[in-house]
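Two complexes, one shared chain (chain A), two partners (chain B, chain C).
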Partner chain A sequence: MTLVSVSFLIFLAAAVLVYYLTPQKGQWIVLLLASLVFYWLCSKGFLIFLLLFAGIIYVFARSFETGKKKLLVLLEVAILIVLLIVLKYAGWFGDGFVRFLSTISFQKPLSFVAPLGISYVLLTGIGYSVDVFRGTVTAEKNFLKVLSFLSFFPAITQGPINRFSDLSGQLMEGHRFSYEALVFGIQRMLWGFVKKLVIAGRLNVVMLELTGSWQGSKYSGAYVVLTVAICSLNIFMDFSGCMDIVIGAAEIFGIRLPENFDHPYLARSMPEFWRKWHITLGEWLRDYVMFSFTMSAPAKKMNKSLKGKVGRKTAAALVSIIGVLFVWLVFGLWHGISGTFLLAAAYYALLIIGGIVIEEPVKRFRSKYPQFTESKGFQIFRTVRTYFLGIPGAYLMLMPQVKSGLQFLATIFTRPAAQFVVKITEGEGAGTFLLGLDIYDFTVLILSLILWLVVTTLHRKKDVRIRLSNIHIVPRWAILLAVVIAVVLFGFYGDLNAGSFIYQGY
Partner chain B sequence: MKKLGKAVLFCLILAVLLAFLNRILMPDTTFQADTEKIGDEVDYMVVGTSNVFYCVNPTVIWNEAGYTGYDLSLEQAPLIITYYQLKAELKKVKPETVFLDCAAFEYNYGIASMNQLALDKMPLSMDKLRLIKALGEDDKDHHIAEENKYSKINYLLPLHKFHDRWKEIFGGTLKSRYHEKYENTFAGYVATKDHFVYQNPHKWLPTMEEFGASFETNITDLNREYFEKIQALCAEHDVELILIKTPSKGWLLETHKNMKQFAEEEGLEFLDMNEETVIEALAIDEQVDFCDSSSHFNIYGTEKISRYLAEWMQTHQDYADKRVQGTGTNAYWNFLYADYLAFKNAED
Partner chain C sequence: MREKVLAILKEVNEEIPEYEGEGLLEDGIIASLDVIEIVSALEDEFGIVIAARNITKENFATVDSICALVESLQ
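Our next item is the complex of A and B:
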């Protein structure tokens, strides 16, 4: 069951119905049961690993109440990471181990994949444990409530990464049925379906066409640049579309989840880009990795010893750079133990470190030429520059192997370009194709991208859903019906494959 | 309450729009017999696969013997589908005999895209849900269930499968590839003048070795189970069940023997038109009578098979010759036969 399947919609409708028919006091139990059933339907016996993770997180968090035990936190993190590696890379430990895991989780060995959302459970769980350790939240005494927080079904597949302090209260307090929450939630989900099924589904086809399904592409030259841009747009539409569905589904239950995207393509610097792209991961890395590192005894010691040698500012910058490297190493490894993710992480780390290095000269330049640096033209330049600096990272993350990905990039200089328009005159696949899409799908892609631009621009100033609710019922219904019909007709589902959600694999 | 009323109205409008889209985008596969016009005077029904809807022409049988009947077969329909189809049909019509196409025994769970054709025609009912569930139950390798994951939803909501056909509005081909294929049909018989010549034809009833392919010739447990259900269904409705196999170059000697033994065990009549005596009587011309290489015949081959079948019915069954009765049914069948002749004699 994926978030864009009919079965998910039926499941969600049933869960919402039972949720609001239950007295508020017991609603969290309904959500917990729904989450466990959802997990079972998606991953069968892997539920046992979810319970195991939750059990470990619960026990350790309770143990922190008796005093600050730093070693215990490290032990917990180590256990969870080892378990994650064992489950995500079971193949490394031999066929027998895979068979064992398959048997206990009622899966066929051939189709063995890591338990659903286990990476997100890990991050959410570590965040909760560290918060308890730091004393910012109190350890929950009821195991089922911890389980409910960790397994909340809309968010378990791809996040956002929730904080106990934000989500737990909302889960436990229960909610009265709100027509507005229902309508707004459905509308948000609908927009997610547009992004994933209508736009990302087609972008995926274009990306695979341009990259030759990563088996050897006939495209080169300027198309490589286009591919890099398409990869970035594809990952954005896919992931932010998923977030719209997740946040919308939670909203129907009266639960507000944190946003994960905030117009990242309008960012004017790389740090700002990362405050707008996968926001909850960025904040998690900042609070639990960067903060833990900079506040650690070794980092403080290093800062102190460097101060005398290179000065206060440079010492702080050097410690920050080491922290950034550490953060991006965690970022790369969390996505997967692969050269492509490490390369992407190194690329982003390099950009951020570059920013730190040139921070002082830039400040001086700004103060010297304030009129120029604050002009609209310069701000646009910064946005465009950040966009072009940011997009190769997405490409690096999506390429299956470092070698083939870089070889493809190199063709920009080595081979002539393929045709933008390809005409096939004979056979079942006859037709005119633009970047792998037939003329109809290509038109839908362009129109839907224009629609996305319009809606996004409008939404920046005021929530589009509020705008919609303020207009007359006839045009409002006409717009909503048109969007639903557009998703039904133009969506990549059924026999058309929109591809799995990219972030579901991490 | 007012808001809830609005929400219900919105959902209703949406449902109507989706139903409309479902209707215009679902392929047109209405090639089956018009049972309302045929009425309830039905002597026989032929159920199974394309092997029979390309090989049994009810209008020729009418012209030869005055017997009424029709084909209720679908492309590559497995016995599971045949069972549920027959179950629904026998609620409306009571024929004297059901001829069950033995080619259906070659399929287990069928092919999703072909099964879809059968499911699309069935109105929503408990039996349809049972059929969808049955198609999802799997062989031991689970290959088909995986392929059917999408199909289960497709079977219930055809728009889920066919939504992408909006493009065909622009191409003018919305009526589907099936429409052209099934353009000339007569009481469920799909007539074609297509012509296929075998370059190196096998002999009739070749052995597996001679045929040069390896596949299962025994009756599977699944097919046995659904055959028994069909048998029980026919017994319940007091309808005689006869096994039939139309001429086919892919029908092996081993399969023939297994089926013959099976029919004897079940005490059933088995008419295998691949046996030497029948093939001689049919006088099939391999240069003229086939329409493709899949055991399907064009109108010339089918006429031979249908005439033989009419003669076989005259000697083995007690159907009344309705040509002499002069009823309303009679007029319809005469019209249908004339229609067929018009197609046959029309210049291409």
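Our next item is the complex of A and C:
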């Protein structure tokens, strides 16, 4: 079962029904059971690894009530990371080990892949542990409540990465049925289906067509720029579409999850881009990696000694750069132990560090020419510049290998462009194709992108769902019905596995 | 005390005293780089120790919340 399947919708409807028929005091148990059943339906015996992670996180958090907390938190993080590596890269440890893991999790040996959402459980769990360690939240005494927080089923596949202080209370308090929450939740999910099935499904075909086998692709030259932009847009539609489904599903239960995207393509600087793109991961890295380092005794000592030599600003910048390197190393490794992710992380780190280095000259320039730097034109330039700086990162993450990916990028200088329109006159696949899509699918893609742009622009000014609720019932339901029909008719289920999401694999 | 805190914040970033919202850290007015400078200056000025646990979006939401944090650590 995946988030974009009829079985998920049936499962969700059943869970919602039982949830609201249960007294508020016991609703969290319904959610816990639903989460465990969901996990079982998705991953069968891998459920034991979820329970193992939850058990470790629970036991360590409780142990922080005693002394030697720092040593324990480091030990916990080390155990969880080793376990994650063992599960994600079981193949490294030989066939026998894969068979062993398969046996204990009731999986066929060939189907062994990392347990669903385990990377997200790891981040959520470490966040909770560090919060308990820092004393900002109290360790939960009831294991089932910790399990309920870690396994909350809408969010377990791809996040958002929840904080215990934000989610746990909402899970435990229970909610009264609200018609508005139901309708708003369904509308949000519907929009997610449009982004995932109608748009991302087709973008994926275009992306695969453009990249070809990533080696010797027929597209080259100027198409490389288009490929880089499509890779980024594809991840955005796929991932933010999933977030709409997840956040909408949680909303039906009366639970508000944090947003993961906030119009990232409108960001005017790279730090702002990362406050708008995969927000909960950015905040997690900032709070648990960046501040853990910069507020540590050695970093403060370094800052103090540098201050006297190079000045306050430069000292802070140097300490900050070391923190940035830590952050992006964790970012790269969390996505996977591979050269492509590390290259993407290095690319982003370079951009952020570059921003730190030029910060002071830029500030001086701004205060010298305020009229120019505050003009509309300059702000648009900043947004366009950030867009073109930001999008190659997505390409670097999606390419299968560093060498072939970079070779493809190099064709921008070495080979002429291929044809935009390809006509195949004979055989089974005859027809006219634009970037791998036939004319029908290409038209649907362009029209749905225009629809996305219009809805997003309207939504920035005022929640589209509130706008909808203010209009007459007949046009309102006509619009909603039209969207449902559009998803059913134009949803791209094609050759690709529509149920899988790009970020599910990390 | 408020004047001293305000002076430190202004020296790090002139936009901070002018900011009227309630999310200095969240909205990126105070960047991670600024946090290092602010914490270092506040620790020197008031003889306090600010730890990672204190760097929350709630504590770094407004000038007032930063003042309240300093006060609680004194």
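As a working rule, the second predicted complex is superposed on the first by the 495 of 506 C-alpha atoms of A that agree within 3 Å, B and C clash if a C-alpha of one lies under 4 Å from a C-alpha of the other, contacts with A are read in each partner's own complex, and residues count from 1 in each chain.
Just so we're on the same page, a contact is a pair of C-beta atoms (placed from the backbone, for glycine too) under 8 Å apart; a residue touches a chain by one contact, two chains touch by 3 or more.
For clarity, every value in this text was computed on a predicted model and none was experimentally measured.
Peer 1: Touching A:Val484 in the superposition: chain B (first), chain C (second), both, neither?
Peer 2: first
Peer 1: Contact-wise, after the overlay, does A:Gln407 reach chain B, chain C, both or neither (first, second, both, neither)?
Peer 2: Neither chain B nor chain C is touched by A:Gln407.
Peer 1: Pick one for A:Thr383: touches chain B only (first), chain C only (second), both, or neither.
Peer 2: neither
Peer 1: Could you tell me if A:Thr373 is touching chain B, chain C, both of them or neither one (first, second, both, neither)?
Peer 2: Neither partner.
Peer 1: Determine, under the contact definition given at the top, whether A:Met295 touches first (chain B), second (chain C), both, or neither.
Peer 2: In the superposition, A:Met295 contacts chain C only.
Peer 1: Would you pull the chain C residues touching chain A in the complex into a rising list?
Peer 2: Per the touch definition, chain C meets chain A at residues 28, 31-37, 39-41, 43, 50-53, 55-56.
Peer 1: For chain A, which residues count as touching chain C in their complex?
Peer 2: 134-136, 271-272, 275, 286-287, 290-292, 294-296, 300, 303-304, 307, 312-313, 316-317, 319-320, 323, 356, 359
Peer 1: Can you name the residues of chain A that touch chain B in the complex?
Peer 2: Counting only chain A, the residues touching chain B are 5-7, 108, 179, 183, 438, 440, 473, 477, 480-481, 484-485, 488-491, 493-496.
Peer 1: Spell out the residues on chain B that touch chain A in their complex, using ranges where they run on.
Peer 2: Interface residues on the chain B side: 3-4, 6-7, 10, 13-14, 17-18, 21, 142, 150, 153-154, 157, 159-161, 163-164, 166-167, 170.
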